[in-house]
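Shared between the two complexes below is chain A, which has chain B as its partner in the first and chain C in the second.
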Partner chain A sequence: MPDSASEPYDLAVIGAGCAGLAGAVTASELGLRVCLLDGSGQVGGQFFRHPAPALGALRPQALHHDWPAFAALRQRLEASDTRRLLGHQVWTVTRGSGELWTVHALSGVDGGAERPVRVHARAVLLATGAYERQLPFPGWTLPGVVAAGGAQAMLKSGLALPGKRIVVAGSGPLLLAVASSLAAAGAQVPAIVEASGYLRYVTHARALVANPRKVLQGAVHGASLLRHRVRPHSRSAVTAAHGTDRVEAVTVSRLDQDWRPVPGTGRRISCDALAVGHGLVPQIELATGLGCATRRTPDGTHALVLDGRQETSVPGVWAAGETGGVGGWELARVEGELAGRAVAFRLRGVLVDPARVRELRRRRDRMRAFADAMAVAHAPRPGWTHWLDDDTDVCRCEEVTARRVREAAAELGARDARTVKLLTRAGMGWCQGRMCAAAVACLAAGGGDEGVPPSPERRPLAVPVPLGLLGSPAGADEAGADEAGINEAGADE
Partner chain B sequence: MGDSSDVIVVGAGVVGAACAYYATRSGLSVTVIDRGPVAGGTTGAGEGNLLVSDKEPGPELELALLSTRLWRELAEPLPLQIEYEAKGGLVVASDPAGMDTLRELARGQEKAGVLAEEIPADRLAELEPHLAPDLAGGFHYPQDAQVQPALAAAHLLRASDARIRLGEEVTGILTATTGEVTGVRTATGTVHAPHVVNATGTWGGELAQRAGTELPVLPRRGFVLVTEPLPRVVRHKVYAADYVRDVASDSAALQTSPVVEGTPAGPVLIGASRERVGFDRTLSVEALRRLAAQATALFPVLAGVRAVRAYAGFRPYLPDHLPAIGRDPRVPGLLHACGHEGAGIGLAPATGALIAGMLSGGPLPLDPAPFSPARFVGGAAP
Partner chain C sequence: MARTPSELVRAEPGPPFEITVDGRAITALPGQSIAAALWCAGVLAWRSTRGGGRPRGAFCGIGQCYDCLATVNGEPNRRACLVPARPGDAITTQEGHGRAGLGV
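Entry: the complex of A and B
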């Protein structure tokens, strides 16, 4: 490498969830020098989130049916010489001189002693997962209203339940898992409220039949919910949360085909917490910053376009897991391994095991078909905007109401989320629109599917960066492969 | 799908909005067409500076002084939401030589009607308490102001009462057999008018080509860094003396000079980088690094503040750094109002007033000759 004494890595893997772990250990076992980065202090990602060692949890696997699969990946990681940079938040990836990529990260974000770290690599695997989609409704900013996935993550981290009596609402397969974990952890779950009709899976029955394991998982959650007397409401939504200092009750309304509330069907259910979410959105800003092509998924999000080998439209940049479309941890693991093998073949000519690759691809295609069927079934319908009253905050960071977003679209000539943002500041706050972009895009399009399709968000800074670090001179912060074995932020147990 | 008016303005950025506003006020009927939303191009990527301080004496400064007056008038009827702020500019120098350069510039500007007050080093803190302590001094320009550019364009457009067709791309210019403009063809139909104003900013060359003529507009990329919201730590628009030099330069290579300002909404905006790299939006870490380093050198307190966003914009650059305002020499009925480089927000009202005067045959507020698009014809361009 011309500007540093340190050797570049073969592969930088961003994200240490299932996809990233599988990619890193596969590539490492095939002889590549690999650096694995993650913003968290532990590997496992969102799905295999577990208590920090300091909490002294005896059985972190208690909330995980599939713990052995994760334990196996972690063991392989520990046996490999993969450099682990945990507690490292990646803020951008750039193409450097020659065939090298530079991963720009911040370390020590939570500990106070922040410093910039740059990693050079010949290939990049993006395994950055997904974040939760929220659709606002009156009262959604009350304390006690939490993200469904967030509530589960808190449980898995060994932290508290968000309440004692928790309504679970939104749409998507995650809700069943969340309700079942909350109930298992001792919470009362008076209702699980799903906006779609579960029956819509039937139209994609072939994908379901091909995934007996998924059906089984659903049955396991279903049985657990029955045991805990959780009442399911399908084709329904929480259309308001009530309370003064904290949520005290929610209104659950029936929805029509387009998710418009059916008048007169509202029922009040008392609760002290609401866990709500409408599926997951692929986290792809590092990729879009590099110019990787995206596609619209059946549920209206944007995912990366990938070829059969998991490579993006930008040669040298691979992706696995939710970045290519939300599909769950097993798909992520398969795609991570496929990507690791493909990178090893590209960089080192390591011959692939054709039978293994065929098998992985078969499993991937089957699980992708299933994920697409789920996405079709749970795609938000345009009538959801009827939940909002004019004074509902759509962007909670900047306190922008639905009225102002609608005015910007109807009277000031905004036709897309970006222009609404310019005219109202919706999406300009701390979360940079991760919370409200989906809702703003729908409102900008007038609530219908017509209008300009929302483009994938451009967030050149994937995480906030202190100016003092951003301005520090280049070259002082290289993390090279010659230091392999020294694992930063050794919080990983 | 037929539709007709006296004037078609192509482009719903701030310059197009100002052209529409002043044209309708002179009694003309106007249709504004844009392939995207309002403020979808360079307007939406700007900081909203209305500056006289960064301009050397000459025709652009005349245009800026007129615009400064017009923006003040516009801020009255237009709603407060355009965030007009007569905040003033502060240009600082790091050493005595830089101070001499500023003095010389200010002397020339004052003759043209600019207000400029020399601020000795020991008085800088009165204007900007968080400035670095070791500066040599500066100049205060009370006429410098700021608007939120997307809001300014949107409200100006709404106040114009023009017909507005957004999301509709102009694919061709219609002409009579004698060569005069008769309207435009769009993706969904035709609109008729004897005059077409090219207010497409950085894409002005493209539209000129569709009309069968030429205008050498090129993109000059700039990045802006946006911080987390802060209480007011920066009161004026503050920039270093180097900025004036960079604005006037012809270099294609990356240049940066610190321009730092607070906004009513809280975030501090940090510019300004300039490079000629086409329409490439790829993040330049080097540009951001320099912007951050220079901004924290001016305001050390910013070192611990986080940048939450960065974005690129493409300034419409003409080879002699002056906008093209006026009739196209080859296509009768076509007028250009583009190429304002980084000063389009500031220069928009004067541009609109000039275009409206030319269209209605009314008096012109200043001599438009230096901005004539004819200067690029027949190898006359510098």
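Entry: the complex of A and C
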């Protein structure tokens, strides 16, 4: 152990999902001093989100097909020297003196507390995952309308359901998993509504054949949905949610090729909740704040540009998992290990196992090809903007309607989300545009053929922080590598 | 076939406790977030928006959207989907920015 209180870590890993866990344990097992930070009080990220120990779940694996893989990673973490700072929200990463990075975090699961903490490290691995893309429609702000992944998250961690009769809608493979776990947990799921046609997968037959496990997962979900009598509607969308103080029904309409609702096809389905989402968006604010280059993904989001060793365009900053393009937990685990090995080689010259690295790269490339095929099949088409009426709130936080966003584009000349924000406040609220940016960018671009146009926003702070903190950053606690072994805030189970 | 999430994962939590929502008592389980406890009690909204005064509750479920902001034991703007429920917590519907008492 180093003897100075300010001794830096070799590697700071931000995010304790599959990518971050794999990166942290790999690097630690190769002899690096590692600090792992996550906003949640538990490791696992979104995919392996699970009930807090106090809920006493004897079979958490009932909500996860691949629980043993997570249990193995967690066991390796517990056996390692990795310092765990759980319940720590990272709000920015800065380049410190010399070759060091400084990770700035706030303690407290909701970041409200609480205590600023700084971690210094020679390398950073960004494994911050993804959040859900939303496309607004009339009624989407009603209580009972929840994000599809949100319903899944609340079920996995809190054993809670938003209603008894839940329609699942949007686009992307996540919907199948959400519908099947809601049904398994006792909810009635009258319909699963997918805007794309599943037949689009067939055009990517090669990626499917190379990924039999993924096809099998789809079949497992499909069989579960049949068993629970969940009615699939493809090439359809929820184009309105109805109710006054909570959702009571939704209108499901057929879509044309461009996702425009086909007139006269709307059918009302009664429900007391709607779980909706249109795929995932890489969470890359910390990286863009550091100037890391991004690329446009096939479904119109932005992901980090990474080299074959998972390093970003900024030397010393690595990334793994959804930050490099959404691809699921298995890809994240592979990339996390690759990154951990690459960092160990860079910092310590630890010889990597060439056969293992070749194998990991092969698996990564195969899974990336599958993810790209999925992204193409589920990419939003520009006609979705026809779901909106003028009074639909596009920005939930600032309550900015579609009419005002369209006026900003048509009459005031805004062409991108940032200009719309300056004119209307859309995207200026608490969520920092995460819920509305995709929609606002589409409306600003006038619904052209682009689908969702580019707008990788650069925001210096990844999460809201108290002003007082920015005023006195010197007051932060320094978490040094010499304190390894002290794991804070709910060291996991 | 499981009929509730708790049955599905064979949950054996510690003793349930009470929290209040606008003065009304509901039951929460140890380890649940405030939002999860509210959903289990059938409560979906615990905030009214600053502009239109419209009801809101948990939406993204993972701390990203800030729609679930609640006033917890007098402190506004807590994310109910992240904050664990504690015995005796008093949740009050947050009106607007939640700082009306400050006159700002």
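As a convention for this text, the second predicted complex is superposed on the first by the 473 of 493 C-alpha atoms of A that agree within 3 Å, B and C clash if a C-alpha of one lies under 4 Å from a C-alpha of the other, contacts with A are read in each partner's own complex, and residues count from 1 in each chain.
We adopt the following convention: a residue touches a chain if its C-beta (ideal position, glycine included) is under 8 Å from a C-beta of that chain, and two chains touch if they have at least 3 such contacts.
What you see is a predicted model; the values in this text were computed from it and never measured.
J.: Contact-wise, after the overlay, does A:G308 reach chain B, chain C, both or neither (first, second, both, neither)?
T.: Neither chain B nor chain C is touched by A:G308.
J.: Using the superposition on chain A described above, determine whether A:E132 touches chain B (first), chain C (second), both, or neither.
T.: second
J.: Regarding the shared-chain residue A:P143, is it in contact with chain B (first), chain C (second), both, or neither?
T.: It touches chain C, and chain B stays clear.
J.: According to the stated criteria, A:G291 is in contact with first (chain B), second (chain C), both, or neither; which is it?
T.: In the superposed model, A:G291 contacts chain B only, not chain C.
J.: Counting only touches as set out at the top, which of chain B and chain C does A:G413 meet: first, second, both, neither?
T.: A:G413 sits against chain B, while chain C stays out of touch.
J.: A:W430 contacts which: chain B (first), chain C (second), both, neither?
T.: Touch status of A:W430: both partners.
J.: Could you let me know whether more residues of chain A are touched by chain B or by chain C?
T.: If we count touched residues of chain A for both partners, the winner is C.
J.: Name the contact category of A:G158: first (chain B only), second (chain C only), both, or neither.
T.: Second partner only.
J.: Report for A:R246: first if it touches chain B alone, second if chain C alone, otherwise both or neither.
T.: A:R246: touches chain C, not chain B.
J.: Both chain B and chain C touch chain A; at which residues?
T.: Comparing the two interfaces on chain A, one with chain B and one with chain C, the shared residues are 398, 429-430, 464.
J.: Quick one: which bits of chain A touch chain B in the complex? Just the residue numbers, please.
T.: Answer in residue numbers: 92, 94-95, 102, 104, 289-291, 398, 408, 411-416, 418-419, 422-423, 425, 428-430, 432, 452, 458-461, 464-468, 470-474.
J.: What does chain B use to touch chain A in their complex?
T.: 12, 36-40, 44, 150-151, 154-155, 157-158, 164, 166-167, 225-229, 265, 267, 270, 281-283, 285-286, 288-296, 302-312
J.: Give the list of chain A residues in touch with chain C in this complex.
T.: Spelled out, the residues of chain A in touch with chain C are 39, 41, 46, 51-60, 62-63, 109-110, 112, 131-132, 141, 143-147, 149-155, 157-163, 184-186, 245-246, 396-399, 429-431, 434-435, 464.
J.: Under the touch definition given earlier, write down the residues of chain C that touch chain A in their complex.
T.: 1-14, 29-33, 35-37, 39-40, 44-45, 49-52, 54-67, 69, 75, 77-79, 81-84
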